[in-house]
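So, here's a batch of structures to check.
Next, two complexes with chain A in common: one pairs it with chain B, the other with chain C.
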Partner chain A sequence: MNLLNRRAMLKAAGAGTTAAASNMAAVDVLSQPALAKELTRKGKNVILLWLAGGASQLETWDPKPGRPTGGPFAKIQTSIPGVEISELLPKMSTRLDETAIIRSLNTKIADHGQGYFLMDRGRRAEPGLEYPHLGAILAHELGQIDSQVPDYVSMYTSTEGRRQGSAGFLGARYNPMFLTDKMIPEDIQLPDSITDTDHNDRAALRRVLSENFARQTRDPGINSHETAYERVRGLMASDHLFDVEREPQAMRDAYGPTQFGRQCLVARRLVEAGVPFVKVARAWWDSHGQNFETHRELCADLDHCMSTLLDDLKQRGLLETTLVITLGEFGRTPKINGSLGRDHFANAWSCTLSGCGIQGGTVFGKTDADGQTVIDGEMNAGDLFATIFAALGIPPDKEYMVGSRPIPIADFGSEPCQEVLS
Partner chain B sequence: MRFILFILAALHLTVGISAEADLPDARQVAVQIDSIINERLEAEGVTAAPLLNDEQFLRRVTLDLAGRIPTAAERAAFLSQAATDQQASRAKLVEQLIESPDYAYHTRNQLDILLLLRKQHDPKWREYLLEATTENRGWDRIFREIFQPEDTMSNDLRPVTYVTKQLNDLDELTNNASIKWLGVNIACAKCHDHPLVDDWTQDHYYGMTSFFKRTFRTKQGFLSERYEGLPKYTDIYGDEQQPGLMFLTGEKIDVPEMTMEEDELKKLQEAIKKSERDDKSSPPPRPDFRPRTEFVKLALGDHDKRFFARNLVNRIWARLLGRGLVHPLDQMHSQNPPSHPELLEQLSQHVVKTGYDIKRLTKAIVLSDTYARGRTSPNASESIAPELFAVGIARPLAPRQLSLSLRIASSNPEKLKGLVEADAWPEKRSELEKASEGVARKLLIPDEGFQIPVTEALWFSNNKSLQNDLLSQSGDRLAGFLKQTESDEEMIASAFRSVLSRAPADDEQSTLMEYVTTRRDRRDDAIKHLVWALMATPEFRFNH
Partner chain C sequence: MIPSTLKKTDEWKSSEIVFCLTHSADLKQLWCAGSDFKVYQYDTSAEKPERQAFEGEGHTSYVTGMVRQSDSLITCGYDGQLCWWSISEKKLIRKIAAHERWGRAIAGSPDATKIYTIADDMLCKVWDAGSGELLGTLQEHAAQTPHHFPSMLYAVTTSSDGKWLATGDRIGHTAVWNTETLEKVAEIETPVMYTWDPRARRHSIGGIRSLAFSPDGNELAIGGIGKIGNIDHLGGPARLEVFDWQKGERRLEIEDNKKKGLIEQIIWSPNNEWILTAGGDHNGFLTFYDVETGDLVHQDGQSGHIHEISVGPDFDELFIAAHERVARWTMEATSTDETPPEPDESTDDDAGK
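Now for the complex of A and B:
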């Protein structure tokens, strides 16, 4: 598929929906970035690899072998001089050129529900304010209001990985399309009770019957109704994006047989077609018991799928415009408990950012010898979100207006981490 | 003795009647509403939209009072009456709808959305609300039953749900108490004095949380209060503050000094702890001084700000007119004055006088011309400020309104004939309520600035079971009925009446004639398409 042509076509198709677009502009009223800047961030995409339940930093990006907290696994030298990661990630160890490792997250909240909230929104819950989560913000910032492809797709590997975030004050337009029990979003395929021609004719009839009513109005709610129905056929036409059978056998083999692998392949197909935000959740990392067995298995899947995804994006020239985030709600305790497990821990943990806007090959921040505390470059959730926005060309100090109240897109007082930005 | 009782009863009766006679009837209040709204329109030189015609009015008011679209039979009956005396027939329609079980169900559903946002599906709580709306309990009484259940109905666990569901988060409980019951959002003042609104300081925020700080839930599920506990906060200068009990008006309540011996207090605290752990323990001791009770007293108190009454008026007004007199609904403060201060004041006085009678207020509003304005301004190019209420505002249907309306629309209209009037209707309405549950749960609750999500359009376009249900051609469904209707013209007109509650315009009739004629060889399919297309219009999805 020719990406540029597709985008141009979609833009042209969207020319008629100024009413709906101006509705969204209301929320953006305080920030009117220069058009050039606006354009540079269009065409950018994000894949979030969500490690649901909380992966151990010690078995991934910040190993401490030989220490009481280190566990049984060794560390290995990576392609970046002086940088070592866990031996459980051998493939990633040779592919850090486009990746920045952050080892200094201190997010404090070590409870699944609240931790999820924090790492999904970049700020704590505040009563009376429905703050949108990362996917909704990025669908809003990077997508187009009338997009004929989905602008936010969310996949998960087991029920624990699924939590419905809310698009909050951005509105239901930015709710995700979920892939639940099937590999394809609900209701995106033609039902057998109707032929494609009839379905199309019926939609046209609906449009004609709506015209008189919708024309009389500037009502944004009614316009959103028409925009939603106008997107239906386009979204149905994007059903092939979810069909991995359309990939060459070699490509399917490369991603491997796991569900996570197949979903990563779908994620690549989606961003290639212009979907701005895709989340793939891999569960369940919550290893209170048998931490090392759990990580041996899950890290193998993560290592394989993440490295294949980065290779594939790079080969297609998509990595420059696609940011891959590998993150969970928190890390795990350095202390190994009586069941050979590690518990919830949010004071000193790690994540990675790869691709778009990122200075590859960097390691930012440092924890102490046992991994108990951050000793250099401490970052909180707001700082991480500011960094993500900056990498995508979204000014982190941009504000949304909610009623009369300005809400900065990244939490009050947060700063992007310049060291990992290219 | 019997004689005295009789006299007392008679006295009571006369008192009742004379109090009633002092109150303006709904029509008088409606006239008052129009006069204030029109005065401002004149002052601004704005021409209001023309009034709705009868079939438009019927749809709007049925959705608002009964929570569903009218049946084709209701429409026919109303139109024939309205032809002779429009005003009388509208008043009669409003009276019928507001006294029907539909009103109680719909008002219950609206209150449930307002108070718990359907976050909690709690049949007992919903049953309590239905009981309250069926009896048309005053809003103040509902408020008391929910916030002070210990004092009102000691054995009834149902209204307790509201507080207990929020009890693990003092901020949420405080904010919701203030947003939903008083129309004031003070969340900003948690961390600093409100930057834009002088009315709200951090003292207000923590002063309000103080009313709930002592509340706890017993193991048996009842509410009670402790003997001590007041929130403290550190202000922006780093000083610790403890504002004590302070209401939004700035009014403070002195916390009586504890005179109890330490031993005695300890014993009471032990008993409280026991009641929290043990579901067989006896009810916990109750302190004489109870901050939550003080909150209820202050909220209902007679002060000039009348947050409680104003919030009720504003929310009912917004529900029926699509926008509050104070907008947004949770921003009732000095920097955000109402669009019509005099109207808000008068209606607030009215609800206080009528014992916070929601039904009465609703009736007055829907009888006004202001309520019955069309959606199109006389001069289409002119943009009229919505707060003038010169033009009707389209409102997305709530999940149950839409779901019930889909059931009514997709039913064989012949089978609905006489149903609403029949004695069996309450039972039937309750069944419909249950049958609409599944679809309602698929839909989002509209909030301010609501947008229809694309997932809804996909679901409505492609979901198999929904299609099979709504477009079923069995004899008790609309598509089945239309199939049996021989004349295409009549079939089309009938579909319009059932789904959009109106007759088709000429161009619509001819568009559909063409659609059906070109599919003559498979008329059944064409019928399904046109039923679906009508249901998927914004005209069906919104109340307008």
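Now for the complex of A and C:
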């Protein structure tokens, strides 16, 4: 959805809540605001820095200089004794106190589409089950039913690899506010023909009618519909969150001039306002040719923006309650191809978790000398998702009921990695 | 004459990426270096040449450039170091911290007294080839691209009379320098060499990868790659532009879509008849162009991207530094109305660099 269409959203929200109320006991929270608050008002947030296309673990978090696969870049000592990362990330090297590096992802799927599916949902596709993606799950788990801000904002301005994802069985209520062309959502302002007073008056009248109707019918879906209207009102008032011009010049300068930097600043503004899940996609790392040149550019962007974001969150006291994730669909081959590129590789790659619930300064897992295989602490997508849920205080063994079928929130058999949890 | 036949006569494979090489005047010795940080010598006259590594703690990253000055090899690398190696003793004899960023290339002056190095600190530094003393620093190229990402300084060359020096960067900017005064005397823009993808992938690719003056020094050939649709790959046309650099006029603009990729090196024939370009994408190409018309007159290729070539003094043989191999090719012309130039012992190995 490129635009946030108010009428469409109301329709979708209503449809989503109706479906939820009729099909799923666990997702029934939308019709029970009191329970919803108890379950979801945790004040925790997630910013996912999605490194679309697949960043090289060897040029970021798991360097192997001096090996045939190592590439030209050196490794540098970080603020954590004994922990070294690529010299392409000098700013992050001094900011690992709040970050855990996982070097042992073995997710096996090295295809963009399937890899995206896996790393977006924490499990492989299963016929007959439309499992929601991470953002939808966390919007559902962390969002507040009466929130006046969006539950889930996804920024993906590049076109390559752009996928919106689906909230699956959680319903359209948990689809993202998906920003592609502009960073400020379109069509959430009142039409010129309606004044704010008119809009408030109409809302009041609708509320009175709805309350009367609800008393007569005692249908829980009515409350959901009413809540959806209130949310739309809130969303319409939240456009200022996307306006980085409201930030002091010094803060804008700190995040820098790149689009990724501005989007990271928007992400901070959103979580500060209570948006539980923000995804910032930084495309496109698919460096089949000229891998080292590509990573010189993109790592500089990642290094600056990620370190500024972590600093900003920390200074505002938000990092304790905000989990910052760097992840993509896979990593890149240790083997350097004839175009000085690296190809798709999912057998031994890296990601990071920073902030909320994370034992900073941790390096978990190990790859062999050339980065070809995981030799310690192998972690699959389900384990990673279980770890993310655990870091946020969501029991990884929690189940959703889809019809009469219990579906665990993390994939079957997955376990959180206790070593990276605080 | 324009070479019309190219033939690969030898190939020595290795597990490394070979980025740079040079050879002796009699072509019996070949020196090369690359992704394993070492410098090697091949005895190319042997039936089965085996490479011999030089001794010493030299580079700690990819070795990206090499020139020979009498008994020394001088190399630069991604570690920013500049290393002098004794050919006769096959060992490291001097090491200097030359640049704070990744060293990209090196060129020697024709009189063998100076060397010029470039790096991603966007500086060109002038060194005394014998003593290693820093003689000057040339600052011109922007540290960042117009899109706020780190730029890179890829190419450097000198004119055959040693009067002029040219440096070229990622965004297609070339500066020409007077080597005596170290003053900038001209600027040339070749923006097509730089592809910025603002929409799909939001990063860039390309850059000026090679430079060569004409024998009289009046023209400058600039090599790289044209606009690329999918910047995940080197799938763009090999691009060559030739300028009358003092007038700032472009005389030739050539793109080859048959064998795509970066032009990594340009050799301008001493008789000013042809220009040889070498480079590639996943594979390598060798392409001859008519200097006057810009027509592609002969082309061949090989498996593995070509990073550098070194042409023999009679212009009938060349060595290739490529992905996981070194190769020797012969060149033959259909007619022979040219007398090859007499090789200069002190500079023969730097021809065309």
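Couple of notes before you dig in:
As a working rule, the second predicted complex is superposed on the first by the 343 of 422 C-alpha atoms of A that agree within 3 Å, B and C clash if a C-alpha of one lies under 4 Å from a C-alpha of the other, contacts with A are read in each partner's own complex, and residues count from 1 in each chain.
As a working rule, contacts are C-beta pairs under 8 Å (C-beta built on N, C-alpha and C of every residue); 3 or more make two chains touch, one makes a residue touch a chain.
Predicted model only: the values in this text are computed from it and were never measured.
In the superposition on chain A, A:Arg206 contacts chain B only, with no contact to chain C. Legend: residue contacts after superposition of the two complexes on their common chain; A:Ser287 is shown touching chain C, with no touch to chain B.
Between chain B and chain C, B touches the greater number of residues of chain A. In the overlay built on the shared chain, the residue A:Gly413 is in contact with neither chain B nor chain C.
Of the two partner chains, chain B is the only one touched by A:Leu190; chain C is not. Contact with chain C, but none with chain B, is seen for A:Leu340 once the two complexes are overlaid on the shared chain. Of the two partner chains placed around the shared chain by superposition, neither chain B nor chain C is touched by A:Gly317.
Once the two complexes are laid over each other on the shared chain, residue contacts for A:Gly113 go to neither chain B nor chain C.
Chain A meets chain C in the complex at residues 53, 65-66, 68, 72-74, 157-160, 256-259, 282-284, 286-290, 293-294, 296-298, 300-301, 336-341. Chain C contributes residues 15-17, 35-37, 60-62, 78-79, 102, 120, 145, 147-150, 152, 199-205, 207, 232-235, 261, 280-283, 303-305, 323 to its touches with chain A in the complex. In the complex of the two chains, the chain A residues touching chain B come out as 23, 126-129, 171-173, 175, 177, 185-194, 198-199, 201-203, 205-206, 208-210, 212-214, 216-222, 224-229, 231-232, 235-236, 403-405. Across the complex, chain A is touched by residues 169, 171-172, 174-176, 179, 185, 187-188, 190, 196, 328, 330-331, 375-376, 380, 383, 393-396, 444, 446, 449-459, 461-464, 467-468, 471, 505, 508, 511-512, 515, 525, 529-530, 532-534, 536-539, 541-542, 544 of chain B.
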